[in-house]
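Below: a set of structures, written as structure tokens.
In the two complexes below, chain A is the common chain; its partner is chain B in one and chain C in the other.
The block that comes next holds the complex of A and B.
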């Protein structure tokens, strides 16, 4: 019985990712939460690498683990950076949220478990002989050109809007 | 000899997505700091991305569309967090608070 190393690596990564996510919920200081969410994003990127999605993994590290985590840190520093969550209190809202989330997780996990998923061959090549970034680039500019352009318009509108929202306005204008 | 399966079972990957989604949902519902609520929503989007990439490799018809779709999701998530944090900073400048329960102007 040989050990399947990708499987072991996947379980270690999944465990670390879930640990980071649970730590995020249990920390009290907001800045520690932002640090652990970086760990979750890197763990997701590692899962993408295991699945052979190199380009998405690198984009995940660049955008999520790099840009978004730093953006969140800046937002924390610009607002009250010593903010802390109050200790966990079991009021009605928290209990109802916890029960609802656990129920949803159990139902979804049972559904995942009871479904017979296609395994996927070990040698299935979805890249068509090229490397992953080349094929994704070709797909983005041939098959998905219009969505790609629309998303770039959305991004520029969102970023300009963010600047306008965040700038200091005089009240008497 | 039967063709070997991909070493990671699909169910485990989907279970990881499910657990991340539910952790994010719990955080978004219960946390009081607005930044952490935004971060929890990002966590839920990430769980959806894991599912997309999983099915692009292990689905019935493996293709790259799932990966392209997850790239679009990442872009939209980046736009969302940028606007969200800008709103947060504007609210903080106006109300001197970044907690959810203090933003109750429109509450009945």
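The block that comes next holds the complex of A and C.
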């Protein structure tokens, strides 16, 4: 009997990622949570690599595991050194968010199941012979030009807003 | 020969990957050992000293003796430190440093080189993960010098990564690919990119020195003000891990530099791996030369220099490259 190695590796990665996620939920110290959520992001990136989506995987590492996790850590270190979360209590907000999470999972599952994916396994070439970054570039600048430009406007607004906020604080002192 | 990228993972190719990783690890340790030896020798000669010459012929085993000493030292963990984070921080710093070596083409036949379609980006993304290790190490030590060193290191590495990435984009534009293997092939067909990309080359040299935390940008471990920066509290083999990370990055950055600007393994007469080794040696020697020559920058000049000088230069280089590419 032959073992399907990509499947084995998928289960190993999925197990590690889920471990990180469960650990993140069970930790009470915020800095440990930041570290384990970094682990979850890296695990997701590993799944993307396994699926052959190199660019998405690297973007996941660069933006989520790199920049965002570091930002979270900076925020924790510069504010409260020993920040810890109070123990869990089932109040209205927590129940509502739990229900919301389950509903989101159901919607995602239904969407994944109802989408018609190109079949044929790992050998199918859905890129038309190009490499990943080339296809993504063509998509961004042909099919999705307007959403792409709108996102860049959004980022510029966020950047300018951050600078203005930081500037105001300096004048107060 | 070792073409893993084109077919799905199988048991045999997995075994090949493990063997490849072990071989590259041994090679890296050897390179790191003799980089440290060469650093001490070269700086010694520049300062009219002899350098290490006691252990083995010409002092060749000096680094091995130093590493052995570090390995048998006591592993002290401060009682007020955050124990778990303190223990895993050196590992977090080292793993990405070693992983980035996977995409650097060290020889013509791509033995143990991954043919990733986004190689240059892979390097930049993973090197950002090391900042976690440095920052957490500084924070978990519960020491003001370590904390300041860790914070400075994170701020410096994040802000210099942007001009570094921008200078790489110029090369990517010229080669028409982010795959490091394709970039080397594109250079072997035309000229090595340090001539047409001279501006990007200069930005890359400066930004990579800052990324490596080497003089004149060694503020994170500035011994005159911060004792030793983020690894003040580390001893024994955990300290050795931080040092190893630093020198593995020196090797990896030298490999990236050779690949992007000096044509990687390509070159006349000599075999590919020898050309690659020569170019890596050149970069490492230049780093040590700068270290022996320059004083340290002031901390308030550091960020301004990255954002107000290097980044505009890199963007200007990008615009020129794009215009030339469109016109020519």
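Quick note on the criterion: the second predicted complex is superposed on the first by the 126 of 173 C-alpha atoms of A that agree within 3 Å, B and C clash if a C-alpha of one lies under 4 Å from a C-alpha of the other, contacts with A are read in each partner's own complex, and residues count from 1 in each chain.
Just so it is clear, contacts are C-beta pairs under 8 Å (C-beta built on N, C-alpha and C of every residue); 3 or more make two chains touch, one makes a residue touch a chain.
Bear in mind that the values here come from a model prediction, so they are computed numbers and not experimental data.
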Query: Just chain B (first), just chain C (second), both, or neither: which does A:55 touch?
result: both
- request: Go through the superposed model and pick first if A:6 touches only chain B, second if only chain C, both, or neither.
  value: both
Query: After superposition on the shared chain, which partner residues are touched by A:16: those of chain B (first), chain C (second), both, or neither?
result: neither
Task: Using the touch definition from the top, say if A:64 reaches chain B (first), chain C (second), both or neither.
output: first
Message: I want to verify the contact counts: of chain B and chain C, which reaches more residues of chain A?
response: B
Query: After superposition on the shared chain, which partner residues are touched by A:38: those of chain B (first), chain C (second), both, or neither?
result: second
- prompt: For chain A, which residues lie in the overlap of the chain B contacts and the chain C contacts?
  reply: 5-6, 55, 59, 67, 74, 122, 132
Task: Can you check the complex and tell me which residues of chain B touch chain A?
output: 3-16, 18-27, 29-33, 35-36, 38-39, 42-43, 46, 49-50, 53-54, 56-60, 62-65, 67-68, 70-72, 74-83, 85-90, 92-93, 97-99
- prompt: In the complex of these two chains, what residues of chain A are touching chain C?
  reply: 3, 5-6, 9, 31-32, 35, 38, 42, 54-55, 58-59, 61-62, 65-67, 69-70, 73-74, 77, 122, 131-133
Message: Taking the touch rule as given, give the residues of chain C at its contact with chain A in the complex, in rising order.
response: 8-11, 14, 82, 84-85, 116-118, 121-122, 124-126, 128-129, 131-132, 135-136, 139, 147, 151, 154, 158, 177-179
- request: In the complex, go through chain A and note every residue touching chain B.
  value: 4-7, 10-11, 14, 17-18, 21-22, 24-25, 30, 33-34, 37, 40-41, 44, 47-48, 50-53, 55-56, 59-60, 63-64, 67-68, 71-72, 74-76, 78-80, 83, 85-86, 93-94, 97-98, 100-102, 104-105, 108-109, 112-113, 115, 117-124, 126-127, 132, 135-136, 139-140, 144, 147, 151, 154-155, 158-159, 161-163, 165-166, 168
